[in-house]
Structure formats: structure tokens, C-alpha cells
Amino acid sequence: MELDVLKTVEWMEQTNEKMQAKKDELTTLDQPIGDGDHGINMARGFQEVVNKLNDTEYNEVSAVLKDVAMTLMSKVGGASGPLYGTAFLKISTAVKGAGTVERDLFAKALTEAVNGIKQRGKATEGEKTMIDMWSPISEAFQQASDFRPEDMMEAAQAALESVKELEATKGRAAYFKEKSVGHLDPGAVSTFYLFEALADVWKGDN
Amino acid sequence: MELDVLKTVEWMEQTNEKMQAKKDELTTLDQPIGDGDHGINMARGFQEVVNKLNDTEYNEVSAVLKDVAMTLMSKVGGASGPLYGTAFLKISTAVKGAGTVERDLFAKALTEAVNGIKQRGKATEGEKTMIDMWSPISEAFQQASDFRPEDMMEAAQAALESVKELEATKGRAAYFKEKSVGHLDPGAVSTFYLFEALADVWKGDN
Amino acid sequence: MKKIINDPNQAVQDMVNGFVAAYPDKVTLIPETLAVVRKDAPITGKVGLVSGGGSGHEPAHAGYIGKGMLDVAVAGEVFTSPTPDQVLEGIKAVDAGEGVFLVIKNYTGDVLNFEMAAELAEAEGIQVEKVIVNDDVAVEDSSFTTGRRGIAGTVFVHKIAGAKAEAGGSLSEVKQVADKVVANVRSMGMALTSGTVPAAGKPGFQLEDNEMEIGIGIHGEPGIERKPIASADTIAQELTDRILDDIDISNGNEVAVLINGLGATPEMELYIVNQKVQAILRDRGIEVYRTYIGEYMTSLEMAGCSITVLHLDDELKPLLDAPSEAPAFRR
Amino acid sequence: MKKIINDPNQAVQDMVNGFVAAYPDKVTLIPETLAVVRKDAPITGKVGLVSGGGSGHEPAHAGYIGKGMLDVAVAGEVFTSPTPDQVLEGIKAVDAGEGVFLVIKNYTGDVLNFEMAAELAEAEGIQVEKVIVNDDVAVEDSSFTTGRRGIAGTVFVHKIAGAKAEAGGSLSEVKQVADKVVANVRSMGMALTSGTVPAAGKPGFQLEDNEMEIGIGIHGEPGIERKPIASADTIAQELTDRILDDIDISNGNEVAVLINGLGATPEMELYIVNQKVQAILRDRGIEVYRTYIGEYMTSLEMAGCSITVLHLDDELKPLLDAPSEAPAFRR
């Protein structure tokens, strides 16, 4: 994995394409156990991200990711805006100074991102939120040194399966405690697409 | 035809039964070209009429009909309350003093009723209102001296057919000028039931 | 039918009880009627102001009771004018010897019942005057009227006649100013869905998912045209144009605007309509003195809105702005 | 989806423009934001009062702007909290040096975005305090919160904190009284139908014709129980009981009651609910000092209602009754 400025921008462009394509799906996922706006929020936010990145010249990956963070923070709103914003801000800070971001550094940055989301949202693993996608992906990164995009997607896929089976306890309406089982969490799914886009870009490396 | 106190009360009781049975039909008729309350109004009004008549002793047909008028006036509201009320008030006045009301007197009373409705509602024949039922029935009464309930119902039936074909001009939404053709007027239909009840009572005479 | 009610046949009684229970210091129910009256009525030296009509138009009419507006509101069954005897009780309750003024919307039922009540009151020696509101430009004659219908513009009649009466205006002065409002107010409405009369149990009419109805009244009676749903801007343009075609308001004139929700339309949409209405008026050089947005004259849970424009002058402006304690029109 | 809008993605912008166009003398839009602010802000010597949140709750929040209530309302997209930079602009626009007070409803999104804005404002040297409103007794934790949600009780926080600020209360005094309201206010709601987010195009959830949902929030998020529609009296009893089980209000205590429509419920039904609520309170010997009925905190065109009870004392009563020029809460 070698994330330079170009590839980082490409990652965001591919993410945006996915969010636009999956807008309705994410919104529909947010209806039974949320308020039905997650796809709208993600589509709006990443479109603004791409607009911003296309308008700007970057010398550093960190600078790209900081603009991603600030754009998401100022254009999304809701719960996901500050949470995604925090995640990217943490990643940006962690990779500051690096010309290209290698796997080890990215793994470290992901740990920061997960901690940032947890702190901001006062939540943790197992509560059926985007954390249950960010966290297992981050963990997978820490372990294997010959980690490849296919491994990341395997972890992501596994997380998708388990998040579905989670019972929303803390973060959910009492009524949905049991009913939430079987439902996917929209934030976990949008995170899945974010990393799917990364995998696509990363695969292009080889 | 010999309408005494007993038969007059019977007429109202049978009218009430019909209005209760036809409540939904009349309301449904009032929806496409009105506000969907005529059946509710008629059912409420004639129930109150029957309650009132059952609670009171009468010596004169005129007194029964006056209470019918006052009850409709004070319990129905809308357009049909004052119009039905006026009709019965006119009949009551016209038959004042008569122990039993014969056909001739009743025919005269009906003329008064029709004029009363027209005056109150500032309307006339051909505007697709209850007048287009009251008026032809009244006219039929004036003509044949060997007039029988069957003849009355024949006139009523014919009126029902023609009221359907009338185009609501003055009294209807512009939008419905043509669309009203083919629709029955709810007030004309409730008037039909009123006279159908009279026919039933009258037939009992023979 | 999905409604929060008890017995559909008791809905109006329950509503009136619930209204009085909300403002027990201010209003009371005239015994054995559905007429809600100011607790301090009759008010010495003041003309009594009476309005009312079928129920289903809440906050009309009881919501407009209060110092500076109505003295009594007589409720009928849903969409059914109250009976003359009830209106008569209302008139008697607010007559302080200065006479009583009736605000009547132009529907056959309302006109018949209120006029009969007026005759009965006059027979009892009470001086009665009235105005018949006919602000709806959609139809010249409707299902229920000879001449135009009375709709949301009625609220301005309540407000201005109420202020005049509160200020000590005589019966003929109150009538004069009410007539002036009627001469200068125009409205038109549209709907996306129709309401359901509780006792009927099904909607007054059905529109397809892509249809709207233009020129709707406030009783679920049909409008003048059924057509595909247009944008808020197009709707606002059509209604405002029809209103302004009908009344001579020109460059430099001042108006009050009311964007009225018909029951189920979110206030968000009323603001969106207002954006366009204000732009149209601005383009014509018409000055908007006051704007009111919200549910003022509804039709059960009908989705839709109406636009009302009142041409103001120096007599009407201070009366519009005069204090009012009516819960639905506080100033 | 049947809505009177233009572009669904422009609905909030159009709404905010239409709101400002309605009251051009009183409010203005902070450039490049969806934040509506009192024209006379910042007001010398006065603590600035900020509220806001996702759109779709109209008249909340902009309707509560005015002398005696809010100074600024920051609107987000429909059901989506505004972003920190917009809230920050709102804070800066109303800071007169006495500090700024934020009213936040307890939803993760609102809390995160408003708290970030507060941090940014503090970094710029502005004193900020806040209250998190959590009046909904239906759920201890919801789809969107840790702890209870904030719903219609927020209106009382606006009113009372607004009156305190208008009276010259210091930032800590405003906070103190706002905290007191939050400690003493409880609400619960129910729905018959759900609203449709314009950009989503379909309803948040579907109920069968005979179903209702109890314990609903104001974002179309699910409640705690789905069951057959009950009578207005049964509904009022269930909601009021749950509220009174949760808060210590006893014989002789005084309360304010708010019967709030969620968007598509006719006011008639709110009055019917009120009839029963008042009876329940009377039976318990609880005195109702004020009752408010209408649409105060909606959820698009959701059919349903919420009941709010605020336990009053001698400090809160005059603040509740203090003058307010906010279009949606005139006193």
C-alpha cells in the first residue's frame, strides 16, 4: 500500500461514486432503525469533498485528508458528519509529514481514527454503529504484515455480517433492541464502501 | 290518502328507518359533488325527530309536522336542515286545523313547501338540488285526482332519473359543471326516501 | 380513517370541551350548545362579534375568541353549519345592547342558518348586522354557494372587525369596516389530499399520487381543475396571479398576506410558497405590510394551502395591528 | 411523495428564504448559512440565545426567534443537525459580550455539532454555556441518543431561558433556569403515520391502517410499541400516566401543559386529547396554570401528537408569561 496525493484523491473520488450510487440504499437502511437520511448525508458530503479536492492543489497526503475532514465536518451535519470528520482529521494528523503513506503508518492512523470516533460519539464496539466497521478493519491492519486489499475486504465483509447480527442496545430505541437484529447499520455500511473504494485504489498499486 | 296523527308519526318513523339504512349511501353521494355529510345530517335529524315525536302527545297533524320542522331546523344544520325545516313548516301551516289530511290539502301543502324551499335557498328547478325531487312530486299530486302511492313513486322515480342527467350549473363548482352529469344529488335522493316512506304508509291505507 | 378521537359522533362535543378546558379563565361553553363564548361577555359598551360554522376548520372559529377579536364562536357538526337556535344563543350571550355583528362565510348552509338566527334575534329586539365573506376567487358559484365561497380571508374579517368593536366602534361602524375588508380581500387554495369527516370514515375525494386539485374549498368540495402536481413556485404563481387578476392592487399599494395551511401540510412548505409569493408581489411593486404563515383556516387533515391577499389602507392597518388575545391570533 | 416544494435538495434553503421574507423587519439570514438571526442582534447587555437542529420541525426553530425568546436559530438539512461552522456563525452573530447560551436537543448529531461549535467559539474567546434537553420519557436510550431524546419540551426551554435573557439575566442565571426547566419537563408522543423526508421520497416507516406507534420521536424514528389504534382518551391516559410516573408532581402543584401536533393531525384532535389530559390532571389534584395547543415541534407531515407537562414554580411562572414577539409563541 502506497497512498500518495494522487491516490488519496482517487480514493475520495471512488468513495464519492459509491456514495452516489448507494445513496438510496443507505437511506433505506437508515429508515427502519434511524431517520432515513444517511445516504443523503453521505452523498452530499462526499460530493462536496470531491469538489473541494478538484479545486485545490496538494503537496501532502495529510493536507488532502485534512480538507476531507473539514469538508465532511462542515457539509454533512447529523451524527455522521462530525464522526467521519473526526476520523479523517485523526488520520490526517497521524500521517502528517509523510510523502506517501505506507501500510504501517496507515494502520497506526486507523487506530487513531477509531479512538477519535469512540471519543466523539461516546460509544464503543458492539453497539451497532460505524465503529463496528472501522474497528475490525483497523484491527486487521495491525496484524498481518503482508496485508493486501483482499484481506481488508475480507475483514470488512466479516464485519458486515456481524454488525447485522448485533442487537442495538445502548444506541437504539428500546422497541428495536430485538428488532434491530437482522438490520444493517447504515453508518457501518457507508464505512464499508469507503474501504471498498480504498481497496480498489490500492489494488491499482500492484 | 288520509294522513292522521298516527300515520304522520308512522311516516316519520319509516323515514327515519330509511335514513339510517341509507346513511352511508347519502354520504357517499355527497362526496364527489359536495362535502360528504348529507347522510350523517339526515340520520341525525330524523333520529331526533322520532325521539321528539315519541316523547310527545299530539292532537293534530299540523302539530306533529311543526315539531318535525323545528327539530330538523335545530338538529341538522347545514343547507339541508333549514330547507327540510322550511318545507315541513310550510306543510304544517297549510294543514293547520285539519284532523286528517286528504290528498287535495296535501297537494296544496306541497306547493307551499316547494315555494318555501325555493325562497329559502334562492334556487329553482333544474339546478340539481332537492327542489328537483320536491317539485315534480308536488306537480304530480296536483294533476290526477285518483292519484295513488304508485303514481307518486313513479313521479319520484322519473325525477331521480332526470336529476341524474342535470348539469349542475349555478349551485355547483365550475369544475363539476359537466362532471356532475351522471351524479345523483344527495338532497334529491333523501327527498326520494322521504316520499317512499310516505308511499309505504299510504299504501297501508288501502 | 386514522384519527385520534373517541366516538366519531362525539368528536365535535369532545373538541369543544377540550378547547374550553384549555382556556378556562377566558372562555366558557353556553349550556346545551356548541357555542364557546368569552367569559366576560356581554361587554358593556361593545358590539358583540359572532362567528362560526361547521367544525373541521380549527383553529377557526373558537381560536379567534378573545379580547380584540370574537366574542363567541358557534360550532356545527363537521362541515355542517350550526343550527339557528345555537347561533341565536350565541347572539344573546354577547349582546350588551350595542348590537351584534355576524361574520358569515358564503355557504348556503351558513347563510341560511345564520340569517334565520338573525331574524329570531331581531324578533327578540336585538340589533343584528352581518357580513358575508366571499374571498375565494376560484369559483364564481360553487357546490355550496351562489357567488363565491368564503375561506381564509375570514380571519382578516375577524381580526379587523374585532379590533373595531373592541375600540368601541358602533354596529354600523363595525359593519362598514368588515364590508371594506370583504371588498379588499381575495384568496385561492389548492390541495394534494383530502380530509376525512370522522362520521363518514373515508376521504372526501381521492387524488392520484401525482395529482393536485386547484381552487379547492375548505370542506373537501372539489376545486376547478385537477392536474399533475407542479412545483411550489408554479403553484404560488398560479394562485397569486388568479388573486391579483381579480382585484385592483397596483404598484405602491400595501397588502397583508396570509399563507394558510389546510391541515396536513408542514409549515416548511408554506414558507417555500411564501418565498415565491413575496417575489411576485415585489416584482409588481406591491408592498407587503404584514405576512402571516400557518394554519388559520383548515379543512381537517387536508394537505394543501391557500393564499390570501388583503389590500390595506390607513384605516385597516392599525386595526390589523391592534392587540388581540385570541389564542390563534395573538398580537 | 406529495409535497409543495421545488427541488427536494433546495427545500431547506427555500424554506429559510421564505421565512425571512415573511418577517423582513425582524430577522435576517446570516450570509452563506441557514442561520436566521434577529435583526437587532447582538443586543447590548443581553446573553445571546441559540437554538437549532435539523429541519422538518417547523415552526421550530426559527419561529421562536424574537424579543423574549431566541436570538438565532440554525437550521440543518431535514432531520440532520447543522454543522459546527454554521452554529459557530450563529453564536458569533449574537454574542454581545455577555456570553451565548445554546439550547440543544439530546440527539447524537445535535450534541456533537453544537458542542464542536461551542469549542470553536470558546477558542475565539466567546463564553458559551448550554443545556441539553431530554424530556422524552418514552425511551431511556434511542436510535440517536445516549439518554433520553429532546422533543417538544424544548419549546418551554426556549420560552423561559429567552425570558430570563431578555430580562438581563447573566449567562449562568440563564443556564440555571434552563436547567431547572429541563429537570421539570417531561413529554411523550405517539403517531398514526410517518412523514417523508423530501430528499428520501418515501415515508420513514409504514403503519397499517389500524396501527399506531407509541413513544415516537420527532425524526420518524421508531417508538417503543406498535399496537392497534386506541381511542383519544386511552392514548391521552397512556401518555400522561407515563409522564407522571416519571416526575414527582403532586396534589396542589402547578403545571403548564402542551398538547403538540406532529404535523398532519387536525387541531380538533389535539383538543380532544386535551379534554382527557385536563381531566386526568384534575383528578390528581394537579393545577394547570397554562395550556398550549397546536403545532410547536413537528415531524414533517407526521400524524400524531405529543403531550408535555412542565412542573412550575414561582420563578418559572412569570418567565413563561413574559412577553414574546416570536411568531410561533406570542405572548
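Each chain gets a letter, A, B, C and D, in the order it is written, and its residues are counted from 1.
Just so it is clear, a residue touches a chain if its C-beta (ideal position, glycine included) is under 8 Å from a C-beta of that chain, and two chains touch if they have at least 3 such contacts.
All values reported here derive from a predicted model rather than from experimental measurement.
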So, what's the distance in Å between the C-alpha centres of chain D and chain B? 54
Taking each chain's centre as the mean position of its Cα atoms, how many Å separate chain C from chain D? 28
What whole-number Å value describes the gap between the mean CA coordinates of chain A and chain B? 74
At what distance in angstrom does the C-alpha mean of chain C lie from that of chain B? 32
If you look at chain A, which of its residues touch at least two other chains? none
For this assembly, give the contact graph shape among line, ring, star, complete and other. line
Tell me, which pairs of chains are in touch? A-D, B-C, C-D
Chain C contact footprint on chain B (complex, rising order): 27, 31-37, 39-41, 44, 73-83, 120-123, 168-176, 179
Show which residues of chain C lie in contact with chain B when the two form their complex. 54, 76-86, 107-109, 112-113, 116, 139-146, 197, 199-200, 202, 204-205, 215, 217, 219-226
Listed in rising order, chain D residues that touch chain C in their complex are 2-6, 11-12, 14-19, 21-23, 55-56, 58-59, 63, 192-193, 195, 209, 212, 229, 231-233, 235, 259, 263-276, 278-279, 291, 293-295, 298, 300-301, 303-305, 327-328, 330-331
